[in-house]
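Here chain A shows up in two complexes: once beside chain B, once beside chain C.
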Partner chain A sequence: MSEVSGDLPLDAPAGRGSAVYDDLKSRFFPTPLSGLATLAGLALAGWILWHALQWALFDAVFTGPPEACREAAGACWAVIHARWRLMFFGLYPHEEHWRSALACLLFLGVIGASCMPRLWQAGRLAVLWIAGFAGFLLLMRGGVLGLSYVPQEKWGGLTLSIFIFVATVLIGMPLAVALALLRRASLPLVARLAGLLIDGIRSLPLITILFALAVVLPILAPGALGSKLTRVILGMALFFAAYQAEIIRSGIQSLPAGQEEAAKALGLHYWRRMAKVILPQAFRRALPPTISQLAIIFMEVAMVMIVGIFDFLASGNAAYGSGEWNFANVEVYVFIALVYFVFVFSLSRYGAYLERRMRVGK
Partner chain B sequence: MTAQPAIRIDRLDKFYGHYQALSQVSLSVAKGEKVVICGPSGSGKSTLIRCINRLEEHDAGTIDVLGTPLDDRTAQIDGIRREVGMVFQNFNLFPHMTILENCAMAPMLVRRQPRREAEAAAMHFLEKVRIPEQALKYPGELSGGQQQRVAIARALCMRPTIMLFDEPTSALDPEMVSEVLDVMVALAKEGMTMVCVTHEMGFARQVADRVIFMDRGTIVETAPPGAFFGNPRHERTRAFLSQVLAH
Partner chain C sequence: MKKPALRALAVLCGAALSLATLLPASADTLDEVKERGALNCTGHNGSYLGLAEVDDTGNWKGLDIDFCRALATAVFGTYEGHLNIVPISWAQRWPLLQSGELDVVVKSSDWTASRDSELGLQFSSVYVFTSQKVMAHKELGAETLADLDGGSICVPAGTSTEKLLASYLAAHGIDMEIIASEKTEESQAAYLSGRCDAYAEWDVQLAVARLNAENEADHVILPDTFAAGPCGMVVRENDDHWLDIVNFTLSTMLTAEQAGVTQANVDEMKANPPTPDIAKMLGVTPGYGSRVGLSDSFGYDIIKAVGNYNDVWERNLGQGSPYKLARGPNELWQNGGVLFPMIMD
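Then we have the complex of A and B:
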């Protein structure tokens, strides 16, 4: 034992301050075989990166007609250049695209503002959301203030996807809170019914719900529940609410019983106990799965394509599907994936930021 | 003696399923009186005190608090809870609020005090429990003893007429017990009506008007502290006291 421990002081000065080198060596090149594996891995990664860059950048064509891409070995980004308006705005009238762009930016602004803890007061959020929706509808629908009327059927592209996402969450989140609380109600009948509703919706695929609301409902009850877009948003909201309700309920269940007892003992009635003590803590605890659920629903918006709503993905299909750009489907999907990635990755980073921020208040 | 009692409990029964937690418990607490309830674990002392502000519902018998009967009417229950402060074994501060917010929230919402007034009152009571410098921290940043003192201040901010203490020092490290008891003694001296479930026999000796010993859901013995500690009448009381006071 004494010999082994005696090695250490001899070893230390021999390092000559190159701790990083030693660390790297012991991690990646501990034996000749491991070293070889490391080199092979590096070579493979480099090869993939090189080819990806070659395809996406060096050999790519960024502008020009479809013919310009035919000779090129790399990606044909010219399709995005030529068709980005279709992907972002769908079939919205060309000369009115600025309205759709403005509406899209408006909603991105509303999302951004909603993420700021400073605005987290019922009154401020209500003003923000009502103003946001009013502004969006005014811009998109028109028919007033000299803006020409554009029917809902013409809305599309990224703007529409973001609209559906925001509307789904804004309708679905309060619904989720209500369902979570109802499922915990002290009246057994109420709790059972809420449970039945949640479990019922969770047993149905989203496609079924969308199909029923968009296609079947107008046959059974023409004119019920508004336009197709409205019905689809209601379906998405219901679907989101069922899952989110269980996430919120799990957050509530994880709180110690003493929290509600303390609030009761102070004379707070049910709604205040929920609003001030239980739900704020439940949301904190349920933050990671809530962020996941938001990411999932953001991407599930693409499902509306099935019932003929011209969302971002459907617009992407149309962007390359018109004959002359037929060969450029990969580029279009890569671009769509990138846009989705930017949104969902930002959402995840925002979730991580919130967790850090809330740990302070724990 | 003609004055209405603060709390009147009459032949109270409480069941958990088939298990009877309280049987035929009767107790009257006068305004300004300090009552200490002790007894072995499972004796029903916590259940009894939790029935007084209806954190537990009793199954038979009656409870009147400040002349108002406790029944299913929520408005009455909330009214009584406003007048009855409670301090818990595990403090139960709200971890997502600062100390000041913990104290000022209920008076603002329930008593409709303006924020400035509620916060001034909160600071007053935080000074009283000697912890005003922690006002802007969160509960998680405080020691157990400090948290329990905040919990007392939070209850006092509602200006209750009665204070209930449910084993307020049982979850504390030994060196923090006295800082909490000191606050409770000061409160007792001001004339607060207090019902305390506690095993702190020194505290009972010092402030209690009456000590109540409970066992198996019934009140076994009620006596002033002198007689209770000096000359307990019941065998079970003697056995309990010999265990509690042994070390």
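Then we have the complex of A and C:
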């Protein structure tokens, strides 16, 4: 949008600058009334932005004791400065926070690595994830290699939220594929049962499932299905799998029947047909709803707070939950929202990248 | 303090509990705790101001937490390494107690008739009285709630506070407009912005609201207590021995306050006990702790590790805390409160 070429011959098309000018004029100022609306809109947006910036940056207090915030007109980010470790690591022992941080980074690294197409081979991904999980548990639990033992009840904060999300998806995704295939099985009994299971889970609110597994199960069958965290992850995985199974099934059913028939004609047996022909295409078609299902489940992890798991949200609640910092609850929630935004926005941008790469919808 | 959204959970809990009461009662909790090597006590899923909070380094603190610590100390001589604070929500406390995952619930739980009977729970002596009070703008010059007749009052909607306030106002012929908002934070903001003349909540929340005000001195908490909840520590029914230990722990902390034994002077007191009763309580002469299967020095251990009742109050809710709450009904009976220890003999 730089130079206006005045020395071009007169019959040449107008320079880019004036084209931009014409474009702007016709889009935003075609009539005096629309021009006025444009200006008013700009002014409003500017006013909101100005006040938001003033609150969040110019008048804000970034460090110091709570008293420093009370005089300031803007946001009190000092609460984040003072309590960020509590929010990220929850009740994890203070002097061992580096382990929780490292475990969290390890998981983010593994997630990032498995997003790279270069590593998309069953063998490589399996090694990566088994190593990632082993490393995570080693760091978080400890009890070996001179690391002190930290029980699961003390895990918390963002690290725990990410762990629950990852474990939910890793258990839930294969389960979803299995359920989707079972629901399309040719044996009516199997298909009906799978349908019943999927619809049964989908008609229960997540909170009921969590509550039943975390609170009711230990009364009915003490010690069944492991610790509370394990039970909660299993419940989340089941919930995720029921929805994801339907997404995958919709992907499978959107494929032309010819695909499966051609594969049959080539003499491929069931598993090869599914693994090589049907599922890859189904996943491609189901990518947009899969990404949104992942975003939804990432945010629904916050529900585990209700059964007393000290996730990121519960830790945030504890961060402003003291007499000194109670006034700064808005800042804490804005910060939590920001962190969630970073994660979910990256997820959807990655989804968009995948779609471009696979040319879905073209 | 129960929100309507929690009622669905409460119903679920009820269903779970009616199943739980069918199970055989557990054996001796003290043996289980000793075998496990740690007491499982209640925390909170987040923070409950003044009673269960988390400090900057991720350690629990608060009045309820200190009672958990006192109990763990009574059993093991120290709470370090012998106490698991389990973070749980309100709705989980009874099912987890019944299923044996918790040994005791210390979670500012009101002693109600239905809990004591239908839910199969056993309450200890009252360890704290939560008072519901009213705060007003100082410029109104009100000295009691009756002076606010004709004014307006902010209260969180759908809570027991709203119901109790309405019946108190009706019973005393005070005519006030009740303005209910969905959340505690909303009613607090409405009051602070001048939308209401007064604000009703339980006293710790009022103290917090006053802290959040621009000028603390502009607000006054009126002396009227329109409702109060007797809170006990809660154990499973049919375990009298464990209940005794809980009651002995509380009673020791109150006896120590009554006798002037504090966390600061407990070593001197143990070296030179001024009375035979203090000598007995601190384990200088035997025969106190062994009555309930504890070590004779458990009284000394508790006071040394956690303090007497007053130490605990001042640290968490009183002058040593941001809330600066007076003891009010939580004074000893001699000072006009409702708390009392057993007689030391």
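Following the convention adopted for this analysis, the second predicted complex is superposed on the first by the 342 of 362 C-alpha atoms of A that agree within 3 Å, B and C clash if a C-alpha of one lies under 4 Å from a C-alpha of the other, contacts with A are read in each partner's own complex, and residues count from 1 in each chain.
By definition in this document, a contact is a pair of C-beta atoms (placed from the backbone, for glycine too) under 8 Å apart; a residue touches a chain by one contact, two chains touch by 3 or more.
Being a predicted model, the structure only gives us computed values, none of them experimental.
Undergrad: One more residue to check, A:Arg272. First (chain B), second (chain C), both or neither?
TA: first
Undergrad: Contacts for A:Ile252 in the overlay, against chain B (first) and chain C (second): which applies, first, second, both or neither?
TA: Neither partner.
Undergrad: Can A:Ile306 be said to touch chain B (first), chain C (second), both, or neither?
TA: In the superposition, A:Ile306 contacts chain C only.
Undergrad: Now for A:Glu261: first (chain B), second (chain C), both, or neither, which partner does it touch?
TA: The answer is first: A:Glu261 touches chain B but not chain C.
Undergrad: Would you check which partner chain A:Ile164 touches, where first means chain B only, second means chain C only, and both and neither mean what they say?
TA: Neither partner.
Undergrad: Have a look at where A:Leu234 lands relative to chain B and chain C in the superposition and call it first, second, both or neither.
TA: neither
Undergrad: Examine A:Gln281 and indicate which partner it touches, taking first as chain B and second as chain C; both and neither are also allowed.
TA: first
Undergrad: According to the contact criterion defined above, which of chain B and chain C contacts more residues of chain A?
TA: Touching more residues of chain A than the other partner does is C.
Undergrad: With the two structures laid over each other on chain A, which partner does A:Asn326 touch: chain B (first), chain C (second), both, or neither?
TA: second
Undergrad: Which stretch or stretches of chain A touch chain B in the complex?
TA: Answer in residue numbers: 256, 258-259, 261-269, 272, 276-277, 280-281, 284, 358, 360-362.
Undergrad: Over in the complex, which chain B residues touch chain A? Could you list them?
TA: Residues in contact with chain A: 53, 55, 74, 78-79, 81-82, 84-86, 88, 90, 92-97, 105-106, 109-110, 138, 140, 151, 154-155, 158.
Undergrad: Help me check something: in the complex, which residues belonging to chain C touch chain A?
TA: The contact residues of chain C facing chain A are 9, 12-13, 15-17, 19-20, 23, 44-50, 53-60, 84, 86-89, 91-92, 95-96, 98-101, 185, 207-208, 211-212, 321-323.
Undergrad: Under the touch definition given earlier, write down the residues of chain A that touch chain C in their complex.
TA: Spelled out, the residues of chain A in touch with chain C are 82-83, 85-86, 89-94, 151, 153, 207-208, 211-212, 214-216, 218-220, 222, 305-310, 314-315, 317-324, 326-327, 329.
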